[in-house]
């Protein structure tokens, strides 16, 4: 069935609500309106206000209230309307959501999902386009996942809702409306596994969320340059799937990490650090990053200069010291 | 204990009824002078025209997004008029008409929503803070700035605009408390337009009125009919004076209604009835003030025509501004991140420069 | 409009005056039964003894830190007594005496402050949330948990304890609002002990009383003499019943005083006068209740002696518990971060294990 | 003059208050009490309530109010009482403090300092020992500095207060009481420069804040193993001083980054990533990290197992593939 990522998420919520009556969906405008991105479209109408409802406008409130609901046996799926608007909930997320299981030595678990539409590329004004993954991935106790495809949107959201651990679920806004063939029976990899989206032998492109499509496009374009590019979609940012990534980089000997977030102290640094540690002697060149600039997210008319694109990624691949390598037979 | 004096009037202050006749729930406030009311009328006409024009241009793709002020003109114009030149305004994304009333140029007002830059005017020169999207955060800035002015012995005041939904945010609470504890000269002006995007006030708060929050901070508070420009101006004038006189902050809630959808991107039919909107259209603040001024012989037909004509000229300047495509320099991305670009930003700037030249 | 019915009594509710004689500012509340008052007395004796013992052991280095409840025993014991078995308590770091009154063992109560683990008891079994240090954050959990119980048709109630200082945090505001909007069965019980570490109430809020905040959320509220156990119990019993009956949340402020320094690590002489403390020592809640119960012939000398003796036995168990050094397993660090340790944590665990064996 | 880091900070605040009457100090308990760590001891008594004062207990309030004060021409120096208690201010810090200059194209600058006592090692109960630097360093528009010595505490705090940019000033709690010779005339490196605290030729230890002392101790201990260890104290976490660090690592060919924060997505990852990129061909081994465990900060009695110590650093140095290196003459 052909569907958009937004619809796939909607389907995942519906199926979860159907399967488990402890699941509740709430947040700002998720009820009657169906969310500003329509991810919860029609759910209140079909499942009742009891299962999907609007809350007052307060993100710390939403998350803190959800913590209490989870303590009381529910499995809340809450929405933060935009990335930067999750920041008011930062204390609840880091000090409670991430730690409640640990603080109570397992007596209380916190099966909740915090859905956050994130990143840019949609012409949003300031504070509507932050890539905030690094703040969450550095916080032990949270799982952080992000789908790059509509199928993963469905699969990962189902997994996230079933997870006994709290999950920060980052939805790449710019992919909400991309259509794709999706099957609503789960068949994919486990939630904490990366997948190789395209096989190649020269270089590994490591991407996630909004950049998966860009990475795949780059891989196509790279053929013209004679590079056979492998694309790994991380899916789970925390925990990190070392096995899949390392196996790929050991094979290709070169890697580039791509993300929208500012580079400095970004998630890509972690990927570089661990891949380098684990593949040092197989690497022909340092693992490089293509990231957002180290500036506040720009106004819509300039955002294209902020974001990694095919050209920048190709330019970076070109810097992987190809000349230093013994020429591979056939290349 | 005089705590009860902090409570708002039991019903919203009102000088003019919906049909333009006099109402007499004045709550002890004096009536603003006729000349000010006429000025308010002029600016509401201008603001309304601006709003209609911006909405139209949004449909043509000239703006990234536009949150309309339709129905809230009395509040926004009164907020601007209540301020002196040295006073500060802290607006939200919704308050473009307040900025117009404050005298900002269309291009300055619409830069943010057009997507050219985060703020189109100089806050220091205009004494208008950047329009704020992270809800309620600006109320703290207003309190801090008011306190700063107080410390320097300036007798200036800050007015912070905020919506009903945003009052649920923790920052609003902290701002009221800081302002009250420091007796900062700030007026918190809540435009309760009954919706936070799709969420009606009933789901936002169980309070009879948001103005009842003041007493919990030891702060004077008031509620007013937000579609009665005379009443809003009367109440805000008094609140600003109270703050300016060093008597502490004031919380004012105006009961009004958001006539349009949240923004052009929103579809309000999904969550509210056409009848409700129609009912509120009847309560149009501009019509009401016009009738009142005419009843009182404060406004001549010739003036009405002149204001309308001026508004047309203004609308033309809005169109001209938005039809011109300003040059934006991609390299400006690196300006103003820090006072001086760091070495890292210099390198990134050089890379972008090379890319642009390639 | 009935909004004024949400306001607290103009003066704090009081049943017993400082000297133990009857006071009659009952605010319409009924007097708790004698047996409950005697139980409150017994637990206050126990709590006081516990507190003194913990403070003493802190000086001997047996606890990492101890925030004393001295002077707040009436509040903390009443909070525990107002709850049924199925009800939940959300305490702060200061509320050890409430936990003791709730029936937790000394070792369970003191695990956190001793530095052994983050929480020494099972919150699900005891229906006591972990003692919370990030201020005001637990009030939201209480509101959410109360709402969860309400949804499941349990007629249980949550009581959230919070200090005067913490009411300034945004989370407190959001919790009151969520609770009111969802009509959650939760009681917010503010122990206004007049200090947030060194900051006196006057710098914390300009409100006449924190209880005045309720009306701004459409929430019933009350203020009570926090050193009058009879009054606190009367008000909390009523608030809990109100919440349990589905009538919505209640905000209760108790006026009391922190007799000791903030914690053993604090030096209160830096910021307050000895006279002020001396004055409040006179207002001792335990003495007051004892006099009252004796005046009313509800308490015999033999009982006083028995309760004191029981408290001594309890103090001995506190000493025994804290003198025993429990075994802590460093490898437990990796438990309960996630439901199952991730591969990364398994590697880190193996490394620590190797280190410990080396 | 021999003084503790807490006293050096106190002196810096006093000197700044003396030199510039736009400087104001405020926060929770910083007035009469002098702060829970006594960093502001006596300042209210000596400078008046007007210059150093207590606020209501609300971190977002403190930071947001300070933003307004800075807009009004003051230079606020605010204190967050402990690391995890800065989280309620996260939205104000990321969405306003970091961005106000940028949002207003330089019309408004925001010279403010947010002092945060951070990290562990003092037996603090939960939420009192977070190493939160990664959250701030990833946020463009903020400067982030942390002193490792009492002298730097003085110098860096003076610099931070004079900086036209907002500075997150991280104070390593466990060093507050260490005594040292300090001169109260500034003579040190610029605020954004790292310094080599100890010269060595075999391996570069990169540390900051609470770990500088541990790194220096390790360097001493390493002599027994025959390693000559160079120690770089970063001082400025953002911006990063590539020149100093790179020069060191190019010389030694080996590097280890040390910090208390959890390793995953930690600041050390950025250091590894950029050092590797810039020194790839000089590196004999991957740059390794010694960090806190990826778990919530433990209860006091277990914290020693969380924290990097001399032994762990030595063990990590030992893993730098010494055997693979051509033996250096004289070694």
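As written, the chain order gives the labels A, B, C and D, with residue 1 at the start of each chain.
Just so we're on the same page, a residue touches a chain if its C-beta (ideal position, glycine included) is under 8 Å from a C-beta of that chain, and two chains touch if they have at least 3 such contacts.
Source: prediction; values computed, not measured.
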(message) With centres defined by CA atoms only, which chain is the most remote from chain D?
(response) B
(request) Tally the contacting C-beta pairs at the C-D interface and at the B-D interface, and name the larger one. (result) B-D
(request) Determine the centre-to-centre distance between chain B and chain C, using the mean Cα coordinates as centres, and give it in whole Å. (result) 43
(message) Just the number, please: Cα centre separation of chain A and chain B in whole Å.
(response) 37
(request) Could you please state the distance in Å, as a whole number, between where the Cα atoms of chain B are centred and where those of chain D are centred? (result) 41
(request) Scan chain A for residues touching two or more other chains and write them down. (result) 55-56, 58, 60-61, 84, 87-88, 91, 95, 99, 102-103, 126-127, 140-141, 240, 264, 294-296
(message) Give the residues of chain C touching no fewer than two other chains, as numbers and ranges.
(response) 117-118, 134, 168-171, 174, 177, 181, 203-205, 332, 337, 344
(request) Within their complex, state which residues of chain A touch chain B. (result) 28-29, 31-34, 36, 54-61, 84-85, 87-88, 123-128, 264, 293-296, 298-302, 305-306, 311-312
(request) Please name which positions on chain C make contact with chain A in the complex. (result) 117-119, 122-125, 129-130, 134, 137, 139-149, 151-152, 158, 170-171, 174-175, 177-178, 181, 332, 335-339, 342-344
(request) Give every residue of chain A touching chain C within the complex, in rising order. (result) 50, 55-56, 58, 60-61, 63-74, 88, 91-92, 95-96, 99, 101-109, 140-141, 143, 163-165, 192, 239-240, 242-243
(message) For a test of understanding, state which residues of chain D touch chain A in their complex under the given definition.
(response) 60, 84, 87-88, 90-91, 94-95, 98-99, 102-103, 126-127, 130, 134-135, 137-141, 238, 240, 261-262, 264-270, 272-274, 276-277, 280, 285-289, 294-296
(message) Could you list, by residue number, the parts of chain C that touch chain B in their complex?
(response) 1, 3, 10, 168-174, 177, 180-181, 183, 203-210, 212-219, 248
